[in-house]
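These are the structures in question, set out in turn.
What follows is chain A paired twice: with chain B in the first complex and chain C in the second.
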Partner chain A sequence: METIVVSLNDRIDAFNAPQLREVFEGLLSAGHVNFIVDLRDVKFLDSAGMAALVTLLKRARQSSGDVNLTWPTLEVSQRILKLTKFDRVFTIKNNIADFNVTVSKTVTFPQ
Partner chain B sequence: MTNQQINVELNAQMSELVHVGDAITRLLSALTSTSDIEATIYELQLAVHEICANIIDHSYKDAENGKIKLALSLTDGNFIADICEQGEAFDPDAVPRPNLEDGQIRGYGIFLVNQLMDVVEYTSTAGGNCWHLAKQL
Partner chain C sequence: MLSDKLRIAVVTTFPPGTGSLNEYGFHFVNALRQKFDDVSEVLLYVDALPDGEAYPPFEPDSGIPTTIIPCWEFDALNNATRILKTARQTKPDMVLFNLQFATFGGKKISASLGLLTPALLQMWNIPTVVLLHNIMETVDLKSAGYAGNGIVERVLRCFGYIATKLLLRAELVALTIPKYVEILESKYKADNIVLAPHGSFDDTVHQPVFELPEGPMQIMTFGKFGTYKTVEPLIEAFEKLQRRPNADLELVIAGSDSPNAKGYLAGVAEQYKHVSNIRFTGYVAEEDVPIIFGEAAAVVFPYTSTTGSSGVLHQAGDYGKAVILPNIGDFAEVITEEGYTGEFFEPEDVDSLATAIANVIDNPDHRRAIGQQNFLASHGIPIAEIVDWYLLHMQTLLMQKPNRNGPPTVDRTQLA
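The block that comes next holds the complex of A and B.
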């Protein structure tokens, strides 16, 4: 099963979350349903960024796909994701390789 | 103990939110840098950022040229953020607690603020609306 990696970096917040949603929409429209969103290099993630991830998850699951995440390297970001119980909603691992999937394409955001 | 205050005025646009983090980093720069302090700074940045994003999204939803005034202070280890605006009043009690087990599209913002701060108060008067956030560091 082919998996798309969306590699996020730096700030994902209310300012750029609308563009991130467009990237996700584009990938879904192209027929992709399995994603790993790589959060390792994210330095700041707010509720609008989280909402974009949950929206992708719901859309992907509607099409029998799934969205997995990697943990941000920053410990405080990990704590925020645990506060919001993201680790119950998503499968989150330390590295992309831990998912043992074939990555067909990697998209970076912001570019 | 350090007593400091920083006042910042933002245009109510998402592109301005980056200045919230900068102001808080500047305010707390006198504190000895440890990984705990860095985590605290991140949490304060996120809480104040969420309030400002909420104001832009809701209070100034239909307004152009809105302003957000922030008074950030650190007094005897107590961080205080007073965030005031002149937009539409907001009812914090009308925000349902998110069902975290299911994943939510909305509702994480105010939930996070409540989790990250010791005090979260909102007042709305004819002169404007203000959020008062506080946390003992």
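The block that comes next holds the complex of A and C.
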């Protein structure tokens, strides 16, 4: 099963979440449905960033795909995942290798 | 064949009902009714309208089939059992409560008894999710008009603690502000509390319009007044601003009395009848809300206390409005955490309020910058997406528990 890794870095918040959504939309439109969003290097994640991830999850599952996450390294970035309890909805692991999947492509955001 | 779509009941106030949170209920339900992939039917458990008035039915093609069931009344003592009876008869997969502490009554007993409803439904194995717009821990009960003295306040805090414990019997309790989640998690050691942001009501506006209409510059306040939202300092600040040279201003007091302060606005109108250019709109119908906000140069929050994330603040953000906010407790921290900004004033300090308003209306660039940031904060997440958050949590919850009526109604391979 082909999996795309979207590697996020820097802050993901209300100011750049719309651009992240565009990246996700482009990948979905290209037919990709299985994703690992790599959050390890995210400096900060707010609810707007979380919403972009949830929308990706919903869209991917509607196409019989899925979205998995890696845990952010920084506690401040883990906070929103725990507050929203989406750590119970997404499968989250420490490293991409833990998912044991074949990665077909890696996209970095912001580039 | 198992159904993969949910029948969801929503306990809420709803227009033309005028109870608190009716507008949130309206937007939430309208968004829910568009979730054709996840929901098969919506049941609205609403409060009965006065004088036996009927709720207008939904247009047949406007969304998922929706049945309006008036099954409770503001200040009635038997709301919990009436809602339970309705739920047992209509058998939804999940009941969502759109609540604040005074949803079911302005009197302490009726309000408290109503808050038992989620726990009662849980006892009957009817899964519930509670959206709680405020938490007792951050409400100044005296300023909010609920406690006249220290003893009453302590008693209410005790009731509040018990009510919150009971609300936490729900499968999930959703709060709109990160800090509130942390406060309740820490105090009640609960692990069923989630953050679900308020969400933007208007996802059709792409960019706010910063230009103002011809005529006097409108300073607007919006809400239900008379308890912790009082307009006297605002009117006095407005008087000061009107005395400035070339002042061409109008004060728009949009909304009605709080259920706990009947006759308040009529009294204020009488007291300040000598002040010109004040417009009392009365209750603002849904279709007039965009006009009221759209024409305002600034939206003022004349609060002496806060009871949670302000729905009015989110509306002001939807329309890209500059806001003038009280410097109370952690309100600034809370709204900043949500991405909003504004000019701050000291509560009940007329000079401070007049200065804050002047800072906004005298500086178009500043007004626009505040409005733009609030617009971005508000439009971070449309309410339609917040509804998806609830649906994802509900589906996850229902996966984990056997259905009360037999086999699961959720296809476990289809979670979104």
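Things worth noting here:
Note that in this section the second predicted complex is superposed on the first by the 110 of 111 C-alpha atoms of A that agree within 3 Å, B and C clash if a C-alpha of one lies under 4 Å from a C-alpha of the other, contacts with A are read in each partner's own complex, and residues count from 1 in each chain.
Throughout what follows, a residue touches a chain if its C-beta (ideal position, glycine included) is under 8 Å from a C-beta of that chain, and two chains touch if they have at least 3 such contacts.
Nothing here was measured: the structure is a model prediction, and the numbers come from that model.
By the document's definition of touching, of the two partners only chain C reaches A:Q62; chain B does not.
Touch criterion met: A:V89 reaches chain B and chain C at once.
In the superposed model, A:V101 lies in contact with neither chain B nor chain C. By the touch criterion defined above, A:F44 lies against chain B but remains apart from chain C after alignment on the C-alpha atoms of chain A. Judged by the touch definition given at the top, the superposed model places A:V54 against both chain B and chain C.
When the two structures are aligned on the shared chain, A:V76 is found in touch with chain B, with no touch to chain C. Looking at the shared chain after the overlay, A:F15 reaches both chain B and chain C.
The intersection of chain A residues touching chain B with those touching chain C, taken from the two complexes, comprises 13-15, 46-48, 51, 54-55, 57-58, 79-80, 83-86, 88-89.
The touching residues of chain A, counted against chain C in their complex, run 13-15, 17, 46-48, 51, 54-55, 57-62, 79-80, 83-86, 88-89. Contacts from chain C toward chain A in the complex involve residues 37, 172, 178, 181-182, 194-197, 339, 376-377, 380-381, 385, 388-389, 392-393, 396, 414-416. Across the complex, chain A meets chain B through its residues 11, 13-15, 44, 46-48, 50-51, 54-55, 57-58, 74-77, 79-80, 83-86, 88-90. Touching chain A in their complex are the following residues of chain B: 14-15, 17-18, 21, 35, 38-39, 42-43, 45-46, 49-50, 53, 56-57, 98, 100-106, 108-109, 111-112, 115.
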